[in-house]
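Letters A, B, C, D, E and F mark the chains as written, and numbering starts fresh at 1 in each.
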Amino acid sequence: MMRLMPPGFARFSQTHSFDITYAGGEANVGIALAQWDVQAVHATRFPQNDIGQAATMYLRKFGLDASAIRYGGERLGLYFVENGANARASQVIYDRLNDSFCTLHPDDFDWEQILQGADWFHFTGITPALSESAAETCLTAVKTARKMGVKVSADVNYRKGLWRWGRTPQEVMPELVEQADFIVCGTSNAEDLFGILPKEGAKSNWESAMRQVMERCPNVKLIVDTKRKSLSASHNELSGRAFDGKHVYKTISHDLHHIIDRIGSGDAFIAGFLYGYDYYEHNVQKALDFGVAAAALKHTVEGDFNLVSVEEVEKLAGGDTSGRLSR
Amino acid sequence: MMRLMPPGFARFSQTHSFDITYAGGEANVGIALAQWDVQAVHATRFPQNDIGQAATMYLRKFGLDASAIRYGGERLGLYFVENGANARASQVIYDRLNDSFCTLHPDDFDWEQILQGADWFHFTGITPALSESAAETCLTAVKTARKMGVKVSADVNYRKGLWRWGRTPQEVMPELVEQADFIVCGTSNAEDLFGILPKEGAKSNWESAMRQVMERCPNVKLIVDTKRKSLSASHNELSGRAFDGKHVYKTISHDLHHIIDRIGSGDAFIAGFLYGYDYYEHNVQKALDFGVAAAALKHTVEGDFNLVSVEEVEKLAGGDTSGRLSR
Amino acid sequence: MMRLMPPGFARFSQTHSFDITYAGGEANVGIALAQWDVQAVHATRFPQNDIGQAATMYLRKFGLDASAIRYGGERLGLYFVENGANARASQVIYDRLNDSFCTLHPDDFDWEQILQGADWFHFTGITPALSESAAETCLTAVKTARKMGVKVSADVNYRKGLWRWGRTPQEVMPELVEQADFIVCGTSNAEDLFGILPKEGAKSNWESAMRQVMERCPNVKLIVDTKRKSLSASHNELSGRAFDGKHVYKTISHDLHHIIDRIGSGDAFIAGFLYGYDYYEHNVQKALDFGVAAAALKHTVEGDFNLVSVEEVEKLAGGDTSGRLSR
Amino acid sequence: MMRLMPPGFARFSQTHSFDITYAGGEANVGIALAQWDVQAVHATRFPQNDIGQAATMYLRKFGLDASAIRYGGERLGLYFVENGANARASQVIYDRLNDSFCTLHPDDFDWEQILQGADWFHFTGITPALSESAAETCLTAVKTARKMGVKVSADVNYRKGLWRWGRTPQEVMPELVEQADFIVCGTSNAEDLFGILPKEGAKSNWESAMRQVMERCPNVKLIVDTKRKSLSASHNELSGRAFDGKHVYKTISHDLHHIIDRIGSGDAFIAGFLYGYDYYEHNVQKALDFGVAAAALKHTVEGDFNLVSVEEVEKLAGGDTSGRLSR
Amino acid sequence: MMRLMPPGFARFSQTHSFDITYAGGEANVGIALAQWDVQAVHATRFPQNDIGQAATMYLRKFGLDASAIRYGGERLGLYFVENGANARASQVIYDRLNDSFCTLHPDDFDWEQILQGADWFHFTGITPALSESAAETCLTAVKTARKMGVKVSADVNYRKGLWRWGRTPQEVMPELVEQADFIVCGTSNAEDLFGILPKEGAKSNWESAMRQVMERCPNVKLIVDTKRKSLSASHNELSGRAFDGKHVYKTISHDLHHIIDRIGSGDAFIAGFLYGYDYYEHNVQKALDFGVAAAALKHTVEGDFNLVSVEEVEKLAGGDTSGRLSR
Amino acid sequence: MMRLMPPGFARFSQTHSFDITYAGGEANVGIALAQWDVQAVHATRFPQNDIGQAATMYLRKFGLDASAIRYGGERLGLYFVENGANARASQVIYDRLNDSFCTLHPDDFDWEQILQGADWFHFTGITPALSESAAETCLTAVKTARKMGVKVSADVNYRKGLWRWGRTPQEVMPELVEQADFIVCGTSNAEDLFGILPKEGAKSNWESAMRQVMERCPNVKLIVDTKRKSLSASHNELSGRAFDGKHVYKTISHDLHHIIDRIGSGDAFIAGFLYGYDYYEHNVQKALDFGVAAAALKHTVEGDFNLVSVEEVEKLAGGDTSGRLSR
């Protein structure tokens, strides 16, 4: 998607220009990993015109492998972002109707070829929400990955407003999530998609719900999640947790004053976790600390992409919040 | 529509921001007249969100009466403009699929109320091209206008690529054009829409074709047109002609070096002609001179809207091309 | 007035451009109400040139009824704003000398016609400060309003430096304020304009002073005021209070970190209060909460105008300061 | 003065920012000379605030000696410039009413001290037009210069609209011009200020009129002038002429396509002429060629100031119009 | 190199920001070809910091294969460009002293691996000018290419000021040029590098000189060149010629009014020629027409890179200079 | 140096433009003092081109006396700044290799003439770090100052990475520092440059170390220092201390939320201290309060220069942190 944002804190009614970046759940994850020298292939569909070409070029700049981008359809999906401050919330207006991604065909992609040599396939709950063909394409990809031994991670990102193509998320998502090894999932996601409620009197609602999610989806080995406390549009607190079926892991809470950009931190989190999981040789606590630190740093970077280095994430994950000038 | 343009001469692949203006055939005509203190009501449909609201506010700023704007649908139509220079052409990419205008309902508008007290109703050939409901709405408006004694002007603006909703322009346009008093029409329009070809050996192809158009559409009393010679993207020549069934009127040719903005001059022309026709008390030659001078000046104004004063148009229509500094 | 501000936090000596907005006490109030679909007519005077025209167009964009704007005089009033941060204060430099408003003539306005059908007439103490003719015009308007049964609200906005045309505010303001139904007034205003001091030992200085103001001005039924604690240029606390002759109403204190724009909150407050007073059917407490929330949100919007929605104000007035991303 | 201009070709009604430069007839001449390492002292008056300080700093940046700038009065004079193109003229709106220069006091300046060691004193016809005290100050300066043996140059810059302080230019200017050694003067200036008309049947109207001006003003030893042909706002032709009482000198005509900035070329011309007159050891033809080339180059520089080097002017004066890339 | 340019036509002394693009002779050629879907590998050296990384990302965006970029050294080479107009020339200031390219080591590159599968190796005369190690690296590359059967093209780009590392171009260049199959060479290059002068009385100086160059360098099969006539900084004429040892081929002259960017057209020319030579199956005339049209279009694109499509070049090469709006 | 910074919070990899300011330790001190009407001469060396000229013009704008700037060498030193926020640190990349300052010649400056009439000579530890000739030049200047009775202040600014020309700071700095009357010095500087460690068990490490520094450098009469606590890139705390050989003076701690610009506060501090020392007639406590308040305000000003007024500093030094709007 193209992301269009008024400069500074201008409201939509005031602005006379839009700053352009590009974005999208899976693209955000891919870029974050590509920045850290992980090879990341992005599979999507853009229109066959100079706007679609500009989108590809932008992704390529940040190191994403663009070989699985397909061209066709009518238009590039857009979204408009208005930057809030203090008690005024940031606002997002989506303009994705019939964009080239929604109208892709499942056989636009030869998943066996695309997934050749891959370690992970990642998708978010936004993709199957957009259209029947997007959901079908996602399912094909997931199944192919599973068959090929490629691990699957899923961000169970339930956005109620998006599901308009005929079937409900409850009908579609479980089949997809069941194929995943790792998922990002919160208490309300569990209820919305699986009808799972925490057991009454449970010490931890999240742990209780996730335990049931794992029972329902036996392939899922690890569930991660972030907790955000929104004190104002400019000031949030952020922490993370993980559950591996036995233990709940937790991180410190990051105090995010002076938020520069509120969007994309969920994608930064899972990208960070996946990176850390490999980097720290499957140490869940360290991977979680890395993932949340990555998400925290995302709030300081303009645009959806988490353009920070491994060193910067490690420093913060290690507890150094000083932001001391680097000469 | 929202018009998004890279600043200066940047190509789509280079730009990191878009300058925002708003545009649209009928809006362009309405704004031009509103600038000249003619009351102009614009009937259209925008989405019910802050982007739609921003569009209304922009039109209102330039004096358009926004009372006939309806709210609903999914999205605001967009178009992207890349500014060319010399041998590199300017480029337009439309993104209107399923915009709020295309999906309007014919009964969104109470034409009797909207047209109350009006002198003219104006539409362009782009409107019926967009969707069945847009075509129906246009036809209802035109017939109501006719019934109420409101004169009708039509810009027979045939854009082949736009007609995708099922019926051909040849099936739709004639019924609409027949209701008009004044039309903007070129030789190729006559062929494309009516199958009319200039008589062989005619002294003037345009006159010959227009004579037949008038025979076919007896309500049409006056046809106007511009002739553009494109020497480069930065340098055009522009003149105008009119035919009232008897005489052909012509203007001088305006030499347009240093084109600032190539778009919207057709709308500036008909707005200028309609204004001049009233201002000069139905003197076709003077109205035509005014209309072409208005179109020529449009090339010096950024955006689709022809933000020039009556005095500026008169000065140029009177032959003063000096552009002498005004202190 | 045109408001000229260096971008970002540049000082006057550093800047190479000014961002342009338009402003003015009564305009700010009118725009805030117009945003909320209240019909608001703004009576002022701009120069008869393209700069004056641009000012009108800007006000019209935000929905103000421009039919009572008069054209004449020499120049548009200006003011320059430098944006402060932390311990460095924001700075305002006025450049209003002999602007078109100061030199208006009392008979430029036919108040009976302008006020036809109005509920409220609002003015600020800045208007009579500017020139003798401005003071006279204001008095005529106020008296006409009173005669017609139009309620009057006044922001007793005493700016010592402005009063330079011959008479003192103590000679001029009381006659104006006495006509008002609602006023914005603080303890120091009461002393400066009426020589009123709180009774010694009074439990509340403000209540004591306002009680005396009401005795002096029997038409005044309600007095409102804000309290601001300035911790730094970037961080203020803001609360409100009202007195109806019997009770003092108070609001919570809003914590305003990350101030985007310091100016116009007084106008946002009275606009909010007047809107809330009607909206909540004369519930003073709710109107006051709404007014202060509106003023608090103003600090997040660039420019003088309070471009926020009723929903946004209600959310904050209801205690939700979370600024949670709206998708 | 501060010069405020919309970026690019935006009209006043479109712009949302102004680019800031500073300007003024005498300042323009002073800056041009300072760029060429001539010591130039600028005597003017700015307000005692950060805007006035910013003006001084801007002049100082370009090398003007700011020691004779006085501080006081109410406001800095402004002017707004809208950049035209092709047939649309550039537009200037002055906003100088009661600026700090108009309200200066003749004894703000100790001319004997300021002129100590100077070769030339230069003034333009705009200064005495602004106010009685400005005219008096100018006369004092001119007389002091004369007394001290400092040569005087005057640009007889008659702007009818400016003369509003009581006396006519015909009453004021002759006494000033009579003190000058060199003047810039055109045929219409001669008529407007001295009532001088070219002799009927004269071979050259300008020569005929200037001969009479010299008879009227025996101190004047040299008169220079430019001829501009305005083909469009983007395309002018410019040449120069000089008369020393005996011969008329002429330059080639410079073809100015692609005008970047139309303003300040008259000041660039006289600055160039004065520089060249000294540089070429009183060779009038060479000085004239240099002055016109400087004026021609001014059209390629944004803002009023002629920021070009001696080498650039010499190259063009020598006939090299190639604009060949310099690496 | 990073290219830093004031926006618009600001002079260095006026600007308060630089627009950033990246550039360099071989990079320009590579990007042009990459835009046209030719795989192009760029071998260079950037510093190991975020500035060097930004340079790589920029090249990658436009499709260049960045796998042969090496990291090390102290700094990225810079150059500053000031945009001229009309008689004021554009100006380039190089700042390459000890940049990471100059200080590369010949064994930073494994040419056999880099050139594996390549059709052409291209270099410009700027590379060997910069330092001894750059010259050695270039020679190694050229010899390896030759050995591997990779064809070599060379732009004999003699910039006198650059040669400062000890040996003269006459000592260094012939050995390099002799390895080339195709070269870009003008009459003065032939004299400067080989001491070759056109035969007296030759019908065509260029043909005469090139014939001798070919005798001197028997591997060179084709020589191409452009002719530029600089009417002003804004207006040039450009044509091309080629010599294959037998015939001289010539193109029409392109009239380049309204030059947007003067730099990079030589690189656009050779890239266009090489592309056309392949595309038109070794038809020299067609390749030459394509190359010159590409160079002509380069003047309409901001920055060094020739971001135009094959279709755009073909249209112009085919004689269509109309720049007609593309919808 | 020229300082190049992406606008807002863009990272180097995201930016498409750099905002330009100029900077440098001694220049920063000089500008701060010049702003406060202290005559300050800056001795440095810039390249002889338009970039060097632009640097001089920028310094001159802010009132620095540019008469001791020399021209020559290859290039202007640069540094790139990326603005951090919250946990993301700001980043500086220096690009000074072989800049015109590093390659100056000691006899470029006639110190007797430059220091004529001066009260103070100030240098920082960065100057001798850059090159042998810079160190020699600094030593000559310091010795000349001492001989002429000009007091010397030194900022012992040890940046390990810069010392690359052959000798160690321990070999070079002591001789320089010994000539100084006042120095800025921290505990780690004392160890790094003199090998001085605080006495074990000392009540105050800094006092203990500084006492030894004074023993080692008997000319040094006063040592000042700042303490910074970095809570995040956006939030620091800052206080100051001074030691006159007998007493340690301390200031309150300034809470710096919302840091606009992190760089240059050390220079602002010593400039403020020197100004205050004179202004408050050698009252060390008051001078220290002024110096730290100046440094605190620096964090609110974009660029390296501390563009704040004496009044602003005094207000903050007096404890008023309110940042209350100034009208």
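Just so we're on the same page, contacts are C-beta pairs under 8 Å (C-beta built on N, C-alpha and C of every residue); 3 or more make two chains touch, one makes a residue touch a chain.
Quick caveat, the model's predicted, so the values are computed rather than measured.
Chemist: Common contacts of chain C and chain E?
Modeler: A chain counts here if it touches both chain C and chain E, which gives A, B, D, F.
Chemist: By the touch criterion stated at the start, how many steps lie between chain C and chain D on the shortest route?
Modeler: The distance in steps between these two chains is 1.
Chemist: Using C-alpha centroids, which chain lies at the maximum separation from chain D?
Modeler: A
Chemist: So, what's the distance in Å between the C-alpha centres of chain D and chain B?
Modeler: Computed value for the inter-centroid distance: 45 Å.
Chemist: Please output the residue numbers of chain A that touch at least 2 other chains, ranges allowed.
Modeler: 8, 11, 13, 16, 57, 62, 91, 258
Chemist: If I apply the definition of touch given earlier, which pairs of chains qualify?
Modeler: Every pair of chains meeting the touch criterion: A-B, A-C, A-E, A-F, B-C, B-D, B-E, C-D, C-F, D-E, D-F, E-F.
Chemist: Applying the document's contact rule, which stretches of chain C touch chain B when the two form their complex?
Modeler: For this pair, the touching residues of chain C are 57-58, 60-63.
Chemist: Taking the complex as given, what residues does chain B use to touch chain A?
Modeler: Chain B reaches chain A through residues 4, 7, 11-13, 15-20, 49-51, 53-54, 57, 74-76, 78, 80, 82, 91, 93, 95, 97-98.
Chemist: Which part of chain F faces chain C closely enough to touch in the complex?
Modeler: Listed in rising order, the residues are 8, 62, 254, 256-260, 296-297, 299-303, 307-308, 312, 316, 321-327.
Chemist: Taking the touch rule as given, give the residues of chain A at its contact with chain C in the complex, in rising order.
Modeler: Within the complex, chain A touches chain C at residues 8-11, 13-14, 84-92, 94, 159, 161, 230-235, 258, 262-263.
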